[in-house]
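The structure under discussion is supplied below as structure tokens; questions concerning it will follow.
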């Protein structure tokens, strides 16, 4: 091999504490190095041109650039060497900026260290092999998981672009959290009026197939060609026959079911259509509350149903689809706030969550849009809002800001005044966080025009006294304690990743953080991609966000999916594992550990052997470290390449 | 009854302001088979004022207490005072850090050798003795006495140090008082501040905070506020004049739970030491007796009514069974089966009669 | 009927369905039995199962995959079978395990020590068990040695004397020699300190002749011809005859067996130079057992290094 | 290849590309000064790290070996670090019986944003290795030094 070494000064960034010429001189003596020089800015156009010129002039077959981190410019230089006519993988970088010049001032030590890093890079490069990507066809269909506003947006955008879309929603209706809201900030628009038409679009779009009351069972395959199994949970109502007339829900004798859609504000029936605008507008039976399932006799709904849609023997069903890309839009849940003893831990009925309050405010909610205290049904006059409940609280493992509570609390305070003009709202807050178009103005309006009293401080205790709730807290601006006698307390409960998010992440093989939120590919530059190719994120599942941000991310995720599936063929990264079949003894250990199910067993003349599914392999190398005889190797990070690096460093 | 032997740290207030706590604690522990071995030549726990000036000095005082225990072979000890408890626990916790421990050891010149634990009297009564055994020891039930349990700020907090009960809504004292027969009322200010720590820096605050607790206790209809902390007791009991001056007019006795336990166990006044309280508890006991009589009368009435109801129900069932048997008998001639049925139907009736007779 | 005879009839009963049964038969010397491949009644002559049945017949199973094979198994042999099955290196339905209660096996090196100047072990004419003793015919007359003094170390700490996973078990199950493996030998060894141990291995490995007998005797070393000790791709060790390379081979063997080694001790027994290479494997087995409660070859759970837990209750990472 | 005699010791680091290598980059960008002893080998994932690489380095003359990957749950490849954690934790049990001071090896988790933590890890580990001093070779080397053999491997 003929190796060329280029030591970058990076202006004075490297040259300030590394003798670059000295390093180049030492590198010239390394095995197979035929050309070595230092260079002012390797990444700039003249620098790249110099590399290309040297390749041609000296007939180089491999290049080492010692400069910044490969996480920055490896792609740049790979392209450059490719332009020079060398395979892009016949290139190595030594990180002598972030790992040398920027972290030490001792020129002698830095120069020595830089020279050794170059030696390692050259030693590895000698074992590099030319790698070429392979291409494969894609399935032009997208799976959207979650039918909240983010998922709806992603589905509609992708469907409008001509892709087939499969939407899976866990609940019997799409709409998500937004469908539960009465109004939206800062325009105080009717939430269901703006969301409703979008939901209808989903139902009517010829390119969208909706599986409501369904969950993702299993995902296999890889970008462009995922095989997805969807579990359609039994609704005990044949939706092909159900017309959504609602007769069954009127006659159902079990009237004490927990009303999931209404957050338990009022009871509901065991067979139900979640709300009037539900999509699909179909009835389903909550088995836990149905008399027939629990007491063995009833069957009223089956008797009254005009189309004979009720089917008590219905079983879950598995549907299999092939998709090319996946958008996860699973949203969030409210944190279980009853961990807070100081707010009564759920003992006081007149302490409600913000989402329950939305249902009370909603004209289509169980109270018909009248705000009523759950304890006695009376109209409250003094309403206390407590912000940052289960947000920004490390003591319960929720140190993050939920981001939307400040705004919806302001909105709810305004709506309270609208509903009950002689009411007085109090808002306990930590900070008012209202960045966003028209947001800060909104939080000012609630104070200035609607007379909500904002108290900066935490609430230490809520306790009942004479039919009221005493809310005691600090007023950190006035420097004292305040006590408010409230008729109703609304907790602005923060959000957390939707229940089951980690399990879904495992199925999708994407990373998730300690709170269960899915990890984006890069916090700045890849906000909707994940580290698993072909899986994208939209909405609060990636991190809590408000409606416009969720919608924007839904569109962004759709754009990524559309971009991906606009091609007929995809290229695979060649830095993947490969098997030398004659060394493989078929012990299956690599198959066992592979996080991506990218290795399968094949039969080769009666012998079991491992085979890498090239399009699925992500190149982690776990199999390589597992295989006792080293029969499976990770291209570009083979045992020999790493050993060469180790040995370049060894003293003995 | 199994005996429990444990080291005992009375704390300074036990010798003065909370003599009644100390005296009743010893009596109650004796009655429940808890052998108290007082730490020989004990000293201040380091709570006041050392802990606000020098944490190592404060811990050194605590460390000497443990060292004195060690001399007597005592590793586990209890104390009635939550403030002592907190300070001794904090010292133990901090001394887990070798650097801090070294500072303390330099002061005491006597590094601790044993593993130490310290708990409150309330904790040992609830955790080691348990409500059942306490209930079994009651000779003079507190039935009819309406009480609110007041834990104060320290008994369960800081959570990480005290590691006892729910920090916001503790129930240990509730359970104990229930075992003694008292009616424990829901009391939302269980762990509120009594103002004790403001007694010197901000004197006006104390009666206001203490007043709030008394006011709430009165509002929920309590005859007495039951406490477990000498400082709380003093603030709530001694300051009722100041509190009245502040506009809260509630006169309530503030006994220690150990005093009530001593009373319920039938121990003499010199051990219950109610005379040491500023607010007389006797009116509360008078209330209790009246109410107990009412309750018992009510209970008799309901028992009788229920027995009557049961009797009627059984009668109805028997009649129905007889009817069914007749029908069955008419339908097919199977006298065996029918006979069995009616015999079975008769049984509850006999039983109901017997119950009714007893009532 | 003696155990030996019972085993013979069990073998004959099973043989029609099997390509062969592996047991023990006459070896090169009276004290050293050799593996015996029984294909018919005639092969049963000289069959032995007992004190001299040292070799682990499970060694041959992976190479006989594809046909159903029977083996006569001591407890430790059965653990090897169990581990091979767990790792799907062999199919359970392709093995017919005939178990018997093992009372320990001979350690010929210990016999040599016991014989002292009487003769070489190879010169012993026959071995007879007599109660707690063994009696050896030597050119200089009978030598009587306590059986426990000539029994292999592993048998003293044996917790698994009976092949619990056997298809057929002959005889009455024996109580284990020890309730659990305390790894006291490893603790004692480790207590010698790193400096002394470094010198120890330098000395031991300088004697190593790189014959790979340790590897070849190991029933779980299934790479065989593809061992990375001899490959160029990947090239983990050089062929130089120096201590670091030879030691590194032992490290490879130990690391490859971590969470898999059943402690049959064949590696150490096979070493012609008596280098105690089992120590390294046992050190790792102890660690695996402490961390994951896993004992290789018992039960069917996935070996701990081929799986993981999201929260590891026993691993406390260093907090920096 | 020699280190700066008397100044440096030889510490080999194996870092996963996505978290810890990024963390070391972040430390560099933040100019968090660190000792110069460490040489970092970049691998895609801590799961790629065969414990034998660690042993190769230690027997080959590294005075210390440091492995760092993504925090549990944050693995770019979802599970690699979980396997690494088990394997490296087990490996710690081999060092003392081999006669290698177990303090010469450590593994930890550093995310791409934890530049300061990386600095702290490097400082702490380097100080630890300096306290132990240089490792002694296993006597009995007769062949040429290892890297020369590496050269020989290719040619």
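Labels for the chains are A, B, C and D, by order of writing; each one numbers its residues from 1.
Convention: a contact is a pair of C-beta atoms (placed from the backbone, for glycine too) under 8 Å apart; a residue touches a chain by one contact, two chains touch by 3 or more.
Keep in mind it's a predicted model, so treat the numbers as computed, not measured.
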Q.
Tell me which has more C-beta contacts between its two chains, A-C or A-B.
A. A-C
Q | Geometric centre distance via CA averages, chain C-chain B, whole Å | A | 64
**Q.** Averaged-CA centre spacing for the pair chain C and chain A, given as whole angstrom
**A.** 51
Q. If you average the Cα atoms of chain A and of chain B to get two centres, how far apart are those centres in Å?
A. 50
Q. In angstrom, rounded to a whole number, how far apart do the mean CA points of chain C and chain D lie?
A. 35
Q) Hey, what residues on chain C touch two or more of the other chains? A) 235-236, 244
**Q.** Overlap residues in chain D, where contacts from two or more other chains coincide
**A.** 56, 59-60, 73, 79, 83, 87, 137-138, 141, 146, 149, 153
Q. Every pair of chains that touch: which are they?
A. A-B, A-C, A-D, C-D
Q) What residues of chain D sit close enough to touch chain A in their complex? A) 1-4, 7-8, 10, 12, 17-18, 21-22, 24-25, 27-29, 31-36, 39-45, 47-50, 53, 56-57, 59-62, 73-80, 83, 87, 119, 137-138, 141, 145-147, 149-151, 153-154
Q.
Residue numbers of chain C touching chain A in their complex, please.
A. 66, 87-89, 222-224, 226-228, 231, 233-236, 244, 256, 302, 306-307
(Q) So in the complex, the part of chain A that touches chain B is made up of which residues? (A) 340-342, 345, 347, 461, 463-466
Q. Within the complex, which stretch of chain D touches chain C?
A. 51-52, 55-56, 59-60, 72-73, 79, 82-83, 85-87, 89-94, 96-101, 106-109, 117, 120-121, 124, 136-143, 146, 149, 153
**Q.** For the chain C and chain D complex, residues of the former touching the latter
**A.** 186, 189-190, 194-202, 205-206, 232, 235-236, 238, 240-245, 247-248, 251-252, 254-255, 258-259, 279-280, 283-284, 286-288, 291-292, 304-305, 308-312, 315, 317-318, 320
